[in-house]
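Take a look at the structures below.
In the two assemblies presented below, chain A is common to both, partnered first by chain B and then by chain C.
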Partner chain A sequence: MYRLFILPTMIINIAVISIPAILTIILAFYRWDGISDPVFIGLENFERLWNDRIFWKALRNNLIWTALFLTFPIIIGLVVASLLLTVRRGSTFFQIIYLFPLVISAVISARVWQGMIYNPQSGIVALLERYGLDLYDPLSRTATALYGVAVVDLWHWWGFMAVIFFAALRQVPQEQIEAARLEGATYFQMMRWVLIPGIMPTITLMMIMTVIWSFLVFDFVYVMTQGGPASSSEVLSTMAYRRAFYELKVGNAAAIAIVISLFGLVATFFYLRLQRGEGE
Partner chain B sequence: MTNNIFKRTSFMALAVMAATPLFAGDKAVNWWYESANPGQQEALSTHLIDKFNASDKDHNLIIDYRGDALTQQLRVALLSGTGPDLVQTPGPAFVAAMARAGQLLPLDDIAASKGWNDRILPFFLDLGRFDGKLYALPKTYETLGLFYNKKVMSDNGWKVPTTIKDFEKVADQMVAKGIVPIGAGNSNWRPANEWHVTLAMNSIAGPDNMQKALTGQMSWTEQPFVDSVNALKRWWDKGYFGENYFSISTEQMISNLAEGISAMAPTGSWSFGDVPTYFEGQLDNVGFAGFPSGEGVPYPIYALGIGTTFSIASKAENPEGAAAALDFMFDEGFYTDINNVWQGEWNLPLRDLSNVKLSDDVLPAYTASMAALASAVNNNQYGYTSWTFMPPATNSYVVSGIEEVWLDEITTEQFLSELDAIFKQELAEGKVADIPAR
Partner chain C sequence: MNMLESRNTVILSYFILGFAAFTALFPLALMLLNSLKTVPEIIASPLAPPEQLVWENYANAWKHSKFSRTFMNSAVLVFLTTALVLSTGSLTAYVLARKKIKTWALVTAYLLATTTAPIQLFLFPLYFGFAHLGLINNIFAVSVVYCAIYSPFSIMLLRTYFLAVPKELEEAALVDGATPWQVFSKVYLPLVWPGMLTVALIIGMYTWNEFLIATTFLQNQESRTAIVSYFLLSGQYETNWGELMAGAVLVVMPIIILFIFLQKKFIDGITGGSVKG
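Moving on, here comes the complex of A and B:
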């Protein structure tokens, strides 16, 4: 009888996750325009991806994106969270400030940065250029477009990491922190030997989730550059979106989605191993 | 006391219900529209919704503004058997797939009973036919041309170029003076790239070659197309597009033209909608002409496009209402009303506009350009826009591939070779719209 308790979750899981996931896997072996009848073509969609230079560019961009998000927000988040520990009053205020970019819609943030900061005619870049600084819109150049978008997403994201790490740091036993202080530990020694080891499960979880989220990135890239210029900021999800909805190649888009999922699955595998380790 | 409050509340609820348009007609006609700014929504509300609902007591037209992702939402909705009664697509290429999948209602009988065949220009009506049946009506026919700032041109002694040779000559002089010759940008609408490809191919390769290529009689890798893409690349390298093409929005493009930052702006007739805003107080300064032609190609060539089509969903809950709404729109009365307040977006291809008298407030440049367009079409001097006549994947590649050519990621030959391969595959899959004979 108690097994009935899992029924609601099971129904939601099957309807919302399992069926679409299975359909996506099946569609990757078909040619389908999203409207007419699908035609089975075996591995052709994957073969086309293998020979598609934009796919490799997008994959490389996803890897760069993952590397950026595994370092900057986590380092900044850790440093800021550790500093918050030392603030006796006002830590709530700072947390709200740090979280503020996260609660603004991604589309609004992206448009504000694109039009009011980066724009060389109407943005802060234009203003600074008038004062003699040699600046340009990073979104307009192939070498910097991806990083220009990443800066905006990092601005929007790091506060979340800081708040998560701060919450974890508050769970570190106070006796350990006091003991380290009495021993005369410096800030870096405290971080290295007490705080980071104390919240290592949280950091690992956040890193694993960052890998999964980085392969799902879509909103900021799509709004700010739509993958351009010359596909320099293309990522797998924007490529899949264009294939499905502009080129009407749903099977091809499903094959890209499977590649995205593979990276997510690898990260999930490590997460499950980690959980098992904690359980033992 | 409680009874009084209950009565008052019930009375107010009934009053609100009576005032709500939802209850005005018997059956709702649902229509999902793309993006429209508040002024444009107001225009549709006043001249379409209110007037249609007043004239037709049986139906109640409801417009739901769905934004730029309308097509994507429509495809998902129609696939699941839901969606609006009145289906709005971005062009015939999208209609073809939907029609062949049985998602749209054949309109032949309705067209015959309501006289649409006599009211709508046959060339545009034919673009809505697939496998011998009519599935779509063209909402607006549009073209690409060269907007220019008359004051900037006359102050510098420049004439509007009619040949590519003259265009490059005057553009070189503009660059030397620090004026951007091709005011353009794609930061908010990446497909703006295809306007330039369309112009170059129609005006340099010529519409006859375009027609041959679109019907599979000629390869896209042939010399006329190489010359067209090479010209675009040359213009990019010489700085004709300015330094900020990837940062400027389509609105900034018109604003820059008004301010004299750029002297010319190759864009579509829909940009007339932005002119009153950015040319406020200097409306006489805006000019519109055909894009210059290459050697052996007559001037002007106006590339024709259908930006939007209307169909009725095969699973529509109210197909009669949708047909009635379409009938209301394809009429001189609505044409006059909407074009008086919103130019460039509602150029319904009606056969007879002799009774249409637009308000004196309408831009003379708009009226003149529409007359020039009609005359060019009459003289067979029309071309083909990529978004109307190219199938979806080919069209998408035009948008992304030309950036790669401009930024030296690929050569012209690589671009055209890939374009040709994608097009041939789509042609074989039956995704290319029927191209009327010239």
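Moving on, here comes the complex of A and C:
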């Protein structure tokens, strides 16, 4: 009887995720344009990727992205959360403001930043240029495009970390904090020896999820630069999307999807172990 | 760690928190401010207040994005997805919370694993499969896809609400001869509805904002969502940033209003399951 209860969830999940995922793995060994019959080509899709300059560029960009998101949002989140704990009064108000960027669609955020900040005619960049600052639209240059996009995603993201860490910090036993204070702990000592150890499980979980999410990043890159200029901001997910739907190299796209999944799989392994470690 | 802080520490803390709040709000303030200006005014300075309020920007954005149609599509999609996630997810959450059977650990692990699967891992066969079955531009089909993607998260969140219901209530109902379905619908559902509302808000927001699946599966004007039609508007013609900002305000408005009124539920939903005590 109870098996019947979980049936709808499982049927939908397996039909939408598992079966297509298995097909993707199979397709990675075929050449297919989405219309005619697939042709088995063994490892050729992977060999192609190995020799594909853009693939390495995209992989490198995903790793840079991971490094950026493992540091900035987590540090900003921790600092802001600890300050919210310090002031207490107004913490709900601040949390709501910090979450505004998170609840807004990536498409909207991307366009607002493009038009009102980065734009060399209508944005803040243009305004500052007129005051003599040597600025330019970061999205227009190969050296800075990826970082230009990352800044917008960081803006959208750090509030989430702050709110998560604040929720965790509130569960750190008050006595520990008081004891440290009575012994005259400074802010950094408090962070290092009481607060961070107290919420370590949450930080670890967020870092694992950050690795997974960093390999999934799509919306901001696709909307703001389409991976350009000259593939300089291409990431694996936008590259796979382009291969499948623009160039109709579905086998090639499937091979990229498998590479993305491998990074996620390693992180998922740690994630599941952590979940199990929590008991229940 | 309140009360004992020195005055200076608190003032410095507020200063940094205020600066962080300014950073979060600044681009959104620019969006709102410039949505009421003409293009020459925006180019003159994005920070200056409008000389007179250009409400036409809103009317033009509404017309050019075909929002009267696409807002409706988004609303239908949100409704279908939320209904599907809540109905299938609550059943599963109940079983996972209350029934101790060996394979459930496997089910839980499977669901957690699918939350981390990249969309690209299943997108391509799914797209060509849907195309083959004639399901492209079908809003209901897309809501099923969303349901699969959002269910695991929703189930884990709902499960905590089911766990909070005293077990004795279920036992008493079973002694009185209630069927499993009656226990679920008559004992549990009336008690877990705050959790259902939280999940509905989060899933509704995700669905309203979602781009990748929506742009891939809903391609024609009759089925497009508000986000996708906004994306297309901003990619064509000469760029009228005033009109584009007005369109942006229109698209985010429903979410922001809900968020402001039901902030506590949002924060519960957003932090739910992520904090390991």
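The rule is simple: the second predicted complex is superposed on the first by the 261 of 280 C-alpha atoms of A that agree within 3 Å, B and C clash if a C-alpha of one lies under 4 Å from a C-alpha of the other, contacts with A are read in each partner's own complex, and residues count from 1 in each chain.
The rule is short, and it goes like this: a residue touches a chain if its C-beta (ideal position, glycine included) is under 8 Å from a C-beta of that chain, and two chains touch if they have at least 3 such contacts.
In this text, all values refer to a predicted model and were calculated from it rather than measured experimentally.
Visitor: Considering only touches as defined above, state whether A:M1 meets chain B (first), chain C (second), both or neither.
Guide: second
Visitor: Check whether A:Y246 is in contact with chain B, with chain C, with both or with neither, and answer first, second, both or neither.
Guide: First partner only.
Visitor: Thinking of the overlay built on chain A, is A:S122 touched by chain B (first), by chain C (second), by both, or by neither?
Guide: A:S122: touches chain B and chain C.
Visitor: Scan A:L78 for contacts with chain B and chain C and give back first, second, both or neither.
Guide: neither
Visitor: Between chain B and chain C, whom does A:D219 touch in the aligned arrangement: first, second, both, or neither?
Guide: second
Visitor: When the two structures are overlaid on chain A, which partner does A:A230 contact: first (chain B), second (chain C), both, or neither?
Guide: first
Visitor: With the two complexes superposed on chain A, say which partner A:F160 touches: chain B (first), chain C (second), both, or neither.
Guide: In the superposed model, A:F160 contacts chain C only, not chain B.
Visitor: Check the contacts made with chain A and report whether chain B or chain C touches more of its residues.
Guide: C
Visitor: State whether A:G34 touches chain B only (first), chain C only (second), both chains, or neither.
Guide: Both partners.
Visitor: So chain A touches chain B in one structure and chain C in the other; where do those two contact lists coincide?
Guide: Residues 34, 115, 119, 121-122, 245, which sit in both footprints.
Visitor: What does chain A use to touch chain B in their complex?
Guide: Going through chain A, the ones touching chain B are 33-36, 54, 114-115, 118-122, 137, 139-142, 226-231, 242, 245-249.
Visitor: Quick check: in the complex, which residue numbers of chain C touch chain A?
Guide: For chain C paired with chain A, touching residues are 1-2, 4-5, 9-10, 13-14, 16-17, 20-21, 23-25, 27-28, 30-31, 34, 39, 42-43, 45-47, 84, 87-89, 91-92, 94-96, 99, 101, 107, 109-114, 116-129, 144-145, 147-149, 151-152, 155, 180, 184, 205, 208-212, 216, 227, 230-231, 234, 239, 241, 244-245, 248, 251-252, 255-256, 259-260, 263, 266-267, 270-271, 274-277.
Visitor: Which residues of chain B touch chain A in the complex?
Guide: The touching residues are 71-72, 75, 78-79, 97-98, 100-101, 103, 186-187, 190, 243-249, 252, 256, 392-393, 395-397, 400, 403-404, 406-407, 409, 431.
Visitor: Help me check something: in the complex, which residues belonging to chain A touch chain C?
Guide: Against chain C, chain A makes touches at 1-2, 5-6, 8-10, 12-13, 15-21, 23-24, 27, 34, 76, 79-80, 83-90, 92, 94-109, 111-113, 115-117, 119, 121-124, 126-127, 155, 159-160, 162-164, 167-168, 171, 174, 177-178, 181, 187, 190, 201-202, 205-206, 209, 212, 215-216, 218-219, 222-223, 236-237, 240-241, 244-245, 250, 253-254, 256-258, 260-261, 264, 267-268, 271-272, 274-275, 278.
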